[in-house]
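In what comes next, subunit A is part of two complexes: it sits with subunit B in the first one and with subunit C in the second one.
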Partner chain A sequence: MTVKIPYYPGCTLKATAKNFEDTARLVAGVFDYELDDLYRWNCCGAVYGLSEDNVMHKVAPVRNLLRVKEVGEKRVLTLCSMCFNTLKRANYYVRKNKDKLEVINAIMYLENTTYDGSVEVIHLLELLRDEIGFDKVKKAVKKPLSGITVASYYGCLLLRPNEIAIDNMEQPTVMEDLMEALGASVIDLNVKTECCGAYQTVPRKDLVADRTNLIVEEARKAGADLIITSCPLCHFNLDRRQKEAKERHPDFHPMPILYFTQLMALAFGFEEEKLGFKPHYVDPRPLLKERGLL
Partner chain B sequence: MGVLKLTREKVQNVDLINRISGQNVYDCYQCGRCTSGCPSADEMDIVPSQTMKFLQIGEVDRVVESNTPWVCLACLICSVRCPKGIDIAAIMEALRLVKLRNNYDFVHPNRIPQEDLEELPPIALVSAFRKMTP
Partner chain C sequence: MAEQEVLNKEEERKPQAKMVPVFIMGQKYEVPEGSTILNAIEYAGYQLKKGVGCREGFCGACATVYRLPGDYKLRGGLACQTVVQPGMYLAQLPFTPAQKAIYDIDEVKPDITTFQKFYPEAFRCLGCNACSKVCPQELKVMDYIQAIMRGDLELAADLSFDCIMCGLCTMRCPAEMAQYNIALLARRLYGKYMMPKPEFLYKRIEDIEQGKFDKEFEEIMSLSPDELKKRYAERDINFKIT
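Showing the complex of A and B:
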């Protein structure tokens, strides 16, 4: 029987990262899960407000958690690392600070209900590891990804701060374990938890291009063919900023950047048109064709 | 070099940073671990551990007027590695906020080139506006 799981998409999964959402739906479907878009969801704000004297930046994420409670659900699934972080941190905050929760509920006085901290925020990687299990993932593989070597890039927001981390904060392995279950070779990327430059991609392309250069070159030196991520902003920075990286570093070689769900859908035997490779700046198809995977 | 004086006004400025961030800058004992892990340290006028020292001696203006809070990535490496448990990223946020709350725009939404607006994902714009506009 299909399990419907409340799903918080966030702004970018409905725009430039549609391929992440589409492939996540395919992957979830293989294990009889259906991602059920949350009713009346709003933008979470993308970044968690770090100030202690102002709760306004926490209202948007908490309002989404209230929506989950409103429809009688206990948990919400995210794909985007930034949404995951913002929702889970806001949840942690209001659970710890009941007085602040009261203030936030007072701001949301037009809502039909109040929030109480009861919702759990989970990431698709957690669902795959803890509920479905990588053994089941392994059994679902129709086209093992042998022949490619994958670098897993976690970035910041799945892991920090420790209260919300989905894995060991300094030495995570969940994505490597998942890729091994798909039959791929993996490398241990030494900069896998170092920031890609994040929102500096707006005012400081140069800074982000240098981060991209560093991360891609470290992956190459370790023997990777491509990098996987779970964050649409990491994806944009590592993929699209390769243009500026090449301009600033003439020795730079392009490398495809994929969402982990795209590789899962490929290994589960979905056809090329469903994998969403078209919007990529660095086209992964030549590499995958060369390795006999497309 | 003049003698450093911690005047009432300077202490009030430090208190403001402590209040906005919910941290205590006097907790820092200058081990430098925040700076060693910071991916933006090379770009900073004043690195994170120096920032903490300047705050402790009341030189708030000096760090507020540096580029440091504006090249911070809020990646939280400093915060999670601090042996004293100081959320340094929250202090960087406080340093941005003292300017943003006075209606300062570091990023001007109407000055982003059209070709950038067409390619930047929503997540980049939302996060940049949240961190760098009032």
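Showing the complex of A and C:
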């Protein structure tokens, strides 16, 4: 029987990272899960506010958690690492600071209910690892990804701070384990938890291009063919800034950057048109064709 | 006796309606119970040249803010639709200054980039919902801004459809945007580029232009009033649009 799991999309998953959402739906469907969009949602808050007493910046994420509670659900699934981080940290904050939760509930007086910290925020990677299990993932593979070597890039948002981390914050392995279950070779990327440059991509393209250069080159040196991520912002920086990286570093070689769900959908046998490769700046198709996967 | 007559006449002159006290811009007035805020302000002697319009709740010109005794909430409404309550503190807003982008609707795209260009402040929305709290139309103002922020113009057009552009949301927004002008752009884009086209209407216009109904129209025009009434009474009201 299909399990409907409440799903908080976030703005990017409905716009530039549509291919992440589409492939995540395919992947979830393989295990009889259906991502059920919240009937009403707003911005996650995009970047968790570090000021402890500025509750206004926590209203947006908490309102989304209230939406989950409002429909009688106990957990909410996210795909975007930024949404995951902002929602889970806001949840952690209101659980620890009941007085602040009271203030936020008072601001949200138009709502039919109040929030109480009861909702769990989970990431798709956690669902795959802890509930579905990588053994099941392995069994669902129709086209093993043998022949490609994958570097997993986590960035910061899935792992920091430690209170919300989905894995060991210094040595995460969840994405490597997942890729091994799909039959791919994996490498241990030494910079997998380092910063991609984040929103500096707007005012300081040069700085982000240098980060991209570093991360891609480290992956190449370790023998990777491509890099996977779960964060649309990391994806944007690592993929799109390869243009500037090439301009600044003549020896730079392009490398495809994929969402982990795209590789899963590929391994589960979905056809090429459903994998959402078109929006990529660095087209992964030549590599995948060369390795006999497309 | 003369003194008593004067007193009696004064009694007669007293208004028959029960009066309630209100504070208009800090000054106390007694106004008839059941008055709208607009009527109360005019009863008190103010002549409104701005901040008043259709007086029927449609035009959105008479945005007003008020507080009720013992309640911290700053409330908003339309002065022509909101009935005074005893002890109400009120003020009439003459106008809402708001940024309004100039664009050529034929040259803008129905997607998020148009809003990033013309109304970048929309993306400062904090999700506080102050806009929805004050909306006299009870619209989900924050939700339609959020829909625009993720490029869902259909939802934004739908949620903002009943906006009368009174400006109260704009006066309360901590992100300092003009929600109603942003929503207007969303509805224009949706209407021009995304809404299903009424093909039957185009066909009917073509028929009319080709003179398909000229003969019938001439016939109708030649009828006497009595014949017209007869035709009207006998008309088929269950016709189907084809």
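Observations on the structure shown:
One rule holds for everything that comes next: the second predicted complex is superposed on the first by the 294 of 294 C-alpha atoms of A that agree within 3 Å, B and C clash if a C-alpha of one lies under 4 Å from a C-alpha of the other, contacts with A are read in each partner's own complex, and residues count from 1 in each chain.
Going forward, a residue touches a chain if its C-beta (ideal position, glycine included) is under 8 Å from a C-beta of that chain, and two chains touch if they have at least 3 such contacts.
What you are looking at is a predicted structure, and each value in this text was computed from that prediction instead of being measured.
After superposition on subunit A, the partners subunit B and subunit C are accommodated together without colliding.
Using the contact criterion defined above for the overlaid structures, shared-chain residue A:C43 touches subunit B and also reaches subunit C.
Legend: residue contacts after superposition of the two complexes on their common chain; A:L207 is shown touching subunit B, with no touch to subunit C. Judged by the number of subunit A residues each one touches, B leads among subunit B and subunit C. Residue contacts after overlaying the shared chain place A:E271 against neither subunit B nor subunit C. With the two structures brought together on chain A, the opening angle seen from the C-alpha centre of subunit A toward subunit B and subunit C is 80°, to the nearest 10. By the touch criterion stated above, A:M169 is placed in contact with subunit B alone, subunit C being left untouched. After overlaying the two complexes on the shared chain, residue contacts for A:D251 are found with neither subunit B nor subunit C.
Of the two partner chains placed by superposition, only subunit B is touched by A:G197; subunit C is not. By the touch criterion defined above, A:C80 reaches subunit B but does not reach subunit C. Using the contact criterion defined above for the overlaid structures, shared-chain residue A:D99 touches neither subunit B nor subunit C, since it reaches no partner. In the superposition on chain A, no contact is made by A:D135 with either subunit B or subunit C. No C-alpha atom of subunit B lies closer than 6 Å to one of subunit C in the superposed arrangement. Residue overlap on subunit A between the subunit B contacts of one complex and the subunit C contacts of the other covers 10-11, 15, 43, 45, 57.
Residues 19-23, 39-40, 43, 70-71, 73-77, 79-80, 87, 89-90, 92-94, 97, 106-107, 112, 116, 119-128, 130-132 of subunit B are the ones touching subunit A in the complex.
Within the complex formed with subunit B, the residues of subunit A that make contact are 10-12, 15-17, 43, 45-47, 49-53, 57, 80, 82, 156, 160-162, 169, 193-195, 197-204, 207, 211, 232-233, 236, 240. Interface of subunit C with subunit A (complex): residues 112, 125-129, 132-133, 142-143, 146, 149-152, 174. Subunit A makes touch with subunit C in their complex at residues 9-11, 14-15, 40-43, 45, 56-57, 59-60, 63, 107-110.
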